[in-house]
């Protein structure tokens, strides 16, 4: 803990540094916005990214497409309309828009006079999630698509979760990265203490490694089922030898646990997607892959316990980050006094990779899409 | 549909044209604010017009009167008080105000020292409605009082309705005027298509005439009961020959249906009254007069069906105009791309006859009313 | 009523006079913030004074202490934490703060590097209430502590109440001081009329004395039980001879009733504590001491009736002051036309003793508390 850089000691008060809670998510990435199973064939669903309404449309035949979710005529959501072949038809006056956003039909107007359409968004489906690229569509071709935990590895079973949290997405990154917050989970986890093992960083990522030591209390059942019981020769519990690696690779975050042989046993991938324009509401999407134990079916037996356990932990995190947001709302600016170097560096990363709040997170719908 | 005027093509972006949703209702008209039956003898009821609180007071003897609904002493609503002879007495310290708004009594003050009173509003009752004149009282003498559907014609039976809708009143006018929105009512009406027959206009009114063609689906029961079943010689359904005339005669709107002989069979009168200061909530009042069929009592039999049917239709309209308002609230300005000339002209009319939002819709209560 | 000073006739419009509803409570006084019984041993409770969050902490051993209720690390409420010996430990990362606000421990940091602490507040307990001194702590030593009705007098029995009211605290002072508002309580009290007997005033107090005359209706049971039945020789009810003295001694208010011999029979003490930053929500604390009748136990019998009666009266007052606040919110400024001299003088007192709204009611938490 002696690496505290004096240069960063008063981050919040430095005029050059923007308030972290006013740094918007960078739209030039792939963001999950819904589960694939939520948009059935022949249906349309409305979501938002940072206040931008997006209609996800799945025709009976052919792939999903994503359009700006306001009919250019009277601005009502296209996602309230009906899917009609390869178009979505506005529920109000029946204007129809195709996959590219072009206006295909106005029932009471000649084909030669059709008005402008709406913007479309690049869309991809993977790991059970629907991703859109809300930023510059040109960049969608080159910006790498994330690896989604172990969703494509049959040795792992993957749990889906998608809680909505009333806070800026940056609180979520800080919460997970700072493992000194185990005090918060004392009722679920007993007394455990994080040991910081080291870190790694680059232009767009930061990674922290920890091990954990039980300093009191009982090992929870879910933890025991996954990691096994740790006892020494005298029957006393031993230090856990797993290594927990938390990594923010902008804009995603992962938590990976390896056993004493360095083999991966748990892999969590999470994305924190801003819902509203001010980005004070976050839709989280998480994929938690757990290595299947050697005993067949054991994973299915422990699955509900694991779900219950992770949910309890998560609710405590949700409460605390919402309290942080509430304090920010009242105070009006970020007054945190951070002493942990890895969190300070994470904050710099989030400022560096995000967008200042006055930069528009996505362009206005275009006039004449192709 | 080839009359689209290029000069109007980008109305919303023209700096000279105010945003239609920021144009306030012109207060120099008679506006309904309550049903007569809602203000019983010896009672007082509080309403608002564009955020202006108005107390309607009905003494045991003599006609209704209307006062600014804040006691000048401590600003609490007079409509929370009690009716006392020809006065309303504030519930707090018992100050009493007469029909003209003059302060008549302060229980703990000599008659010679009575303070200023409150403003009174011209008030009229007709067709089961209470109307006030919120603007310049001098104009109340000359501004024409509207004709209220067929409320005074025994050949018609009249239905009352008064839904509150969370949108600017102008959305209501546009919704009814543009009959191309039948797509919205496809579940209630089946597939019908409006045919635009022509229009008429003047300084303070605009009128559109339509006929309707069924292009698919079944004729609804309520429609059939009123208009009869349309079949051709081969038993196929025929085009409907009724003419629907929609007219905005500022600030009111009517929809009249005439049969193939040009006789009136249905007459709807509606007023859209702003509730709040920003005029984003509208209290509608509607009078729907239906010609009694020749068979006695038939009108009473079909009345509930007609009520249910019109209510279903109306709820769809309410949902859609509230979505339009929600979009306006998010976007912050009117971004509609209107292609239908009659709606463009309606919008010009509403701007021309309304008041820019920074013009006070009604004067402050006066110092010493007569 | 002929003392109306013309110089005060247009108070609200005078530019020099601030709007009374924008005058903040002066923080340099002792304010009750909770009942002692609400903060049990080993527990912490969060309250606010004018938007300032304050954690009340009661260790198992030793007296209560009060700290600024935001952990300096991440601003979450310390009152969500746990009491640990003579410290409160933040629930998130376990930082611990002592009685003076000093940071005592960060579990993952060396003792030599502990960060700044939080501000502490002087605290006192009396009459069943917890008081804090939100202003300059130096002044806490000299500013007099209020006399709390007859809480220390065994001849009286004291009732506690603490309703929250959605209005500025000044409406509460005016409501009680102006006894001409008995019209409001006509359903509870019947027709009684206040007679103004005289007043007294000083730099920081104002006092009004009234007697009451029943002009109609029945004497309520609770009133009769406390004061006895008033009848003249012919069995008709007589004027009540008790004197009611209402006094605002900034920032508190009292109402005392003496019988015809001048002996105190009822003593009410009240404080109106602003909850939110804008001071539009008031947490009232009241202590109502009633002289025990000579018949033993009678006080216990009438106690519930008295409670019910005072509660009914109070709810009417709560409704009316909330209507006053609602009117102020809509109008945007204080437009009251006050004609009663004692209320005018009360208003001047409240302006004189309070703080203009742009003066911070309490300093920011300090950097390094001792």
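Order as written gives the chain letters A, B and C; numbering starts at 1 within each chain.
The rule is simple: a contact is a pair of C-beta atoms (placed from the backbone, for glycine too) under 8 Å apart; a residue touches a chain by one contact, two chains touch by 3 or more.
Just so you know, these numbers come straight off a predicted model, no measurement behind them.
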Interface residue overlap between copies chain A and chain B, same or different (over half shared): different
When the Cα trace of chain B is superposed on that of chain C, what is the rotation angle, expressed as a multiple of 5 degrees? 120
Could you put a whole-Å number on the gap between the CA centroids of chain A and chain B? 47
Hunt down the residues of chain C that sit against at least two other chains at once, touch-wise. none
Chain A - residues contacting chain B, complex: 51, 53, 70, 72-77, 80, 89, 91-94, 106-110, 113, 115-116, 277
Show me the residue ranges of chain A that touch chain C in the complex, using the header's touch definition. 1, 4, 178, 180-181, 183-184, 193-194, 320, 323-324, 327-328, 330-331, 335-340
